[in-house]
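Next, two complexes with subunit A in common: one pairs it with subunit B, the other with subunit C.
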Partner chain A sequence: MNLQLMKILSRLLETEAGRDEDRKLPVLPWVRILLAVLTIFLCALSRNAVFTYGVLAVELLHLSLLTTGQVGRVMKRLALPVLFTALITLPAVFLGSPATCLTVTLKVTESVLVLLLMNEDLSWKEITGAFGALHFPDLFVLVLDQTVRFLVLLGRYSDEILEAVTLRMVGGLQERISKEDEGRRLSHHARQHNFGGILGTTFLRARRMSAASYEAMECRGFDGTYRTYRKRTFHWYDGAYLGIGAVLIILFAFCERAMGK
Partner chain B sequence: MSLIELSDVKFSYPDGTPALGGISVSFDLGKCYCLQGPNGCGKSTLFRILNGLSFPDSGTYRFDGTEITAGYLKNKNNAHAFHRQIGFIFQNSEVQLFTSSVEDEIAFGLYQMGLSDGVVSERVEKYITLLNLQDFRNRAPWVLSGGEKKRCALAAVLAMEPRVLILDEPIAMLDDEGQEWITRFLEGLKSPDRLIIIATHNHAFADRIGDVRISMTKDHVISGNG
Partner chain C sequence: MHIPENYLSPQTCAVMYAAAAPAWVISARRIRAELPKEKIPMMGVAAAFSFLGMMFNVPLPGGTTGHAVGGTLIAMLLGPYASCIAVSVALLLQALLFGDGGILSFGANCFNMAFVLPFAGYFFTTMIVKLLDKKQHSDWRQASLRCRLIGGAIGSYIGINAAAFCAAVEFGIQPMLFRDSAGNALYCPYGLNISIPAMMVGHLTIFGLAEVLFTVLIYAFVAKAAPDMSVAPAAEKKTKSNRAVQILLAVLIVATPIGLLAEGTAWGEWGTDEIAATGAGYTPAGMKGGFEWKALLPDYSFEGLPDAAGYILSAVIGVALLIIFFKLLSGLGKKAKTA
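On to the complex of A and B.
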């Protein structure tokens, strides 16, 4: 169970390797994150359909600018949360307020879509880097970075060990054929035993790795400060992007006052 | 006086495993030393001591005339001054590369040295080009191949422009092409004001690159200079 989770996480974090650098929006990561958070926040607050549909329209527009592969990936990831929300809110339809079901599902769709669209553009390291740009303590960013790195590396290790164990169990297969009953019981026991072992080994490896990494940092003169290398500074299109945020707030205020309640 | 002088250094790990049994050796600027010996003879342990990661149980380690002890490196300024002079390439690059992009990896040590942003970006560019890392500059080091990881580690360490470069089995995990690339590169690094120390199993590699060969035995001692 834990192993499975680790694998999924490491896959998710490793997808960035195949990212297409050229197609990325040339906007600073922290600006994108700020706008995403703002959008989710306003969506949640909004009590009015015009605003919600407006946001959806913009998101769909953004989606249409992506490659087919990206759209497919976003849709696949979007499907589950949307279905889930729709199912949960379905009773509202029978309780006489079908609008609730629709609104909630729509809001969830939008929020998830914002995050997925952002994920298409930003890698996790740009996201952790954004915390640095927003003047979170550098050490906090370092810890985030390390956590991600460890999840990926440990996921990979446990994969390798799992493979090694599986290979060894195939060797046990022949034995099983000869001593059918006993063999089956044995291999079942061995498997349970091995999964415990894998977690243990992974843990030990994690400890050794973190100690070694710390030493590597020490060798390069680490004294508790950490700075990320940023060459991009604020550009006019970052301002323009922030402008979208401003428009969003104005639209929100307008909708709430003119048509809300 | 040699840049690095060890005299009768003994070391055992906390669990009692003996790793160095009285090592006396000196290393001079301008030469390339190859340290050879069977697995477990203590090469990596010796490198830990040279880098100030472990300290001798008995005997002394002098760097540029100063005895390096735990107490000496406690002082932040001393530690800074010491570490910026010695670059260490770990056997396993995976644990050595800890930031989230190749650029960050190179910049890390430079920021620790307190260099200005301008100098840092100049150096980052220089070493990215030197080690042919242009295509991976924004990648996380842990998605790179073995050879690329080695190059990234070399860039990160060399960018600090240390006088001493220590490499633990630099070509052990690489394919032929990677080995050839690293060998050529290291040959190019040799200079009168740099000291290079390499642990290796590979005799051909040692023959090609080493000016001085040092052999350690499985009893954790040096068996005579070549």
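On to the complex of A and C.
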């Protein structure tokens, strides 16, 4: 088994499998996505530290209300972009502009945190459905929807091929490999010699699967347009969420105006 | 009671770090061995209570201020070892992010507020509860709420005064041990004859009362609304008890600007530019050229934002970070156990 590949696949699936129906956010997905995009946009534009800190405080509060598993997942994924940003902007500190390093790192933290929290609240199906509700081009939604499905399917397929190739190589390489690191060297050699072949086979398989998938969808009446059949009505809490967006815009304008003085 | 930077000599700070280190190590080991993994996120909530308690400044006639710490409260809820770590993490967050308390003096602050206070408070709390408990339960937590509240009141009062006394001694020995050639103190300029009365008057009266009220009121609330926070393993699902604690935290966060009403600086927490005017007549040399840490959000304030709003924002950030930290710790602990 290629453990690293399985780890990647499990990461794609864990947010879906671990989702508790009771904890799902009742707000409409498109409202949630709209608010997330607005938050990131306003934070990127903000020249005022107060607004940035305010949004970060609210996002941290939101994160603190999640379960231990969710907090761990979010923080693990947040760590790399934040550390990377801090490292690449570190020269600014030595060049006499420490505020630049801090500001950029804070804004990256905020943007990534907003997206990660949105990812915890919404399933992938809801996200693609929300893009449809927001009138994104159907082709865009189709590509997004199919991408994740095929990531998982083709990931499993290529893992099976890799395992088969590794097993077939056992007899030929046995005399060259010591007993202690047999498994590791076999897998490494299999990857080195057969990487191109595995990729090529996976590509051909992907082509056949996508064609078959589209034929099946056409047989079921798919004409290229994405329709949402389980429609939910707009509730008061959806309006409240949009109200938060309005408050954000007002706060942003207030902070920018205060800074302009 | 937060000892700022450069009030204690580097040598004193090193000694205090050495004194606090065994407390941290032993507490961490005992928590790993005794505290259920489900309770570790509760340490975050408890640390948040302590953090918020330390933001409520209480005025004392004469112009000084003080605050509750909540160490005995956490010890009553989760044990003294959990209290040591929870208060230490809260103090670390205050020192790094808000500049409340020094980095070099962090060891001394933890020794006083995270070790002496909770352990002394817990010891006297359990002793009083056992004395008052007519049914003589084997576990003091099974005694009546009235016994526990009386024990907690007395224990927390003794705990905070023990901590204040330790801080007063740490301040007071500086002029004796560290002087320049002219005989002026290099660090805190006030000897034991001044530091002990100055610290103890406030803590024996108003600040001690603040600690008692903080401990008793919050313990009573948690015992009634969220009894599983201390007794049974806390579940992660949003039960009513979790919700009650969250609401209490939210109320405390919103109420933190009350701490701004108290004017004046706590004794021993003056800035370098203020100390000469307090009666010393000079600024000690060790303070002028000493270590300085530039906190991100000094004094819980944001430039351009009204103080009250800055206080609330700081409280939100502090509480959120503490809860997140202990949830992450709980997750790491679970992984280590299954590995």
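Rule of thumb we're sticking to: the second predicted complex is superposed on the first by the 211 of 261 C-alpha atoms of A that agree within 3 Å, B and C clash if a C-alpha of one lies under 4 Å from a C-alpha of the other, contacts with A are read in each partner's own complex, and residues count from 1 in each chain.
Note that a contact is a pair of C-beta atoms (placed from the backbone, for glycine too) under 8 Å apart; a residue touches a chain by one contact, two chains touch by 3 or more.
Every value quoted in this text rests on a predicted model; they were computed, and no experiment measured them.
Peer 1: Looking at A:L251, would you say it contacts subunit B, subunit C, both, or neither? Reply first, second, both or neither.
Peer 2: In the superposition, A:L251 contacts neither subunit B nor subunit C.
Peer 1: In the overlaid three-chain picture, which partner chain does A:A92 touch, first (subunit B) or second (subunit C), both, or neither?
Peer 2: neither
Peer 1: Taking the superposition as given, does A:M75 touch the first partner, subunit B, the second, subunit C, both, or neither?
Peer 2: The second partner, subunit C, only.
Peer 1: Classify the contacts of A:V37 with the two partner chains as first (subunit B alone), second (subunit C alone), both, or neither.
Peer 2: neither
Peer 1: Go through the superposed model and pick first if A:L242 touches only subunit B, second if only subunit C, both, or neither.
Peer 2: After superposing on A, A:L242 lies clear of both subunit B and subunit C.
Peer 1: Within their complex, state which residues of subunit A touch subunit B.
Peer 2: On the subunit A side, the touching residues are 14, 16-17, 21, 123-125, 128-129, 145-146, 148-149, 152-153, 209, 212-213, 215-223, 225-229, 231.
Peer 1: What does subunit B use to touch subunit A in their complex?
Peer 2: 51, 53, 76, 79-80, 83-84, 86-88, 90, 92, 94-101, 103-104, 106-109, 111-113, 120-121, 124, 138-140, 142-143, 156-157, 160
Peer 1: Could you pull out which subunit A residues touch subunit C in their complex?
Peer 2: 22, 48-50, 53-54, 56-58, 60-61, 63-65, 67-69, 71-72, 75, 102, 255, 258-259
Peer 1: Which of the residues in subunit C end up touching subunit A in this complex?
Peer 2: Per the touch definition, subunit C meets subunit A at residues 41, 44, 236-237, 246, 296-297, 302-305, 313, 316-317, 319-321, 323-324, 327-328, 330-331, 334.
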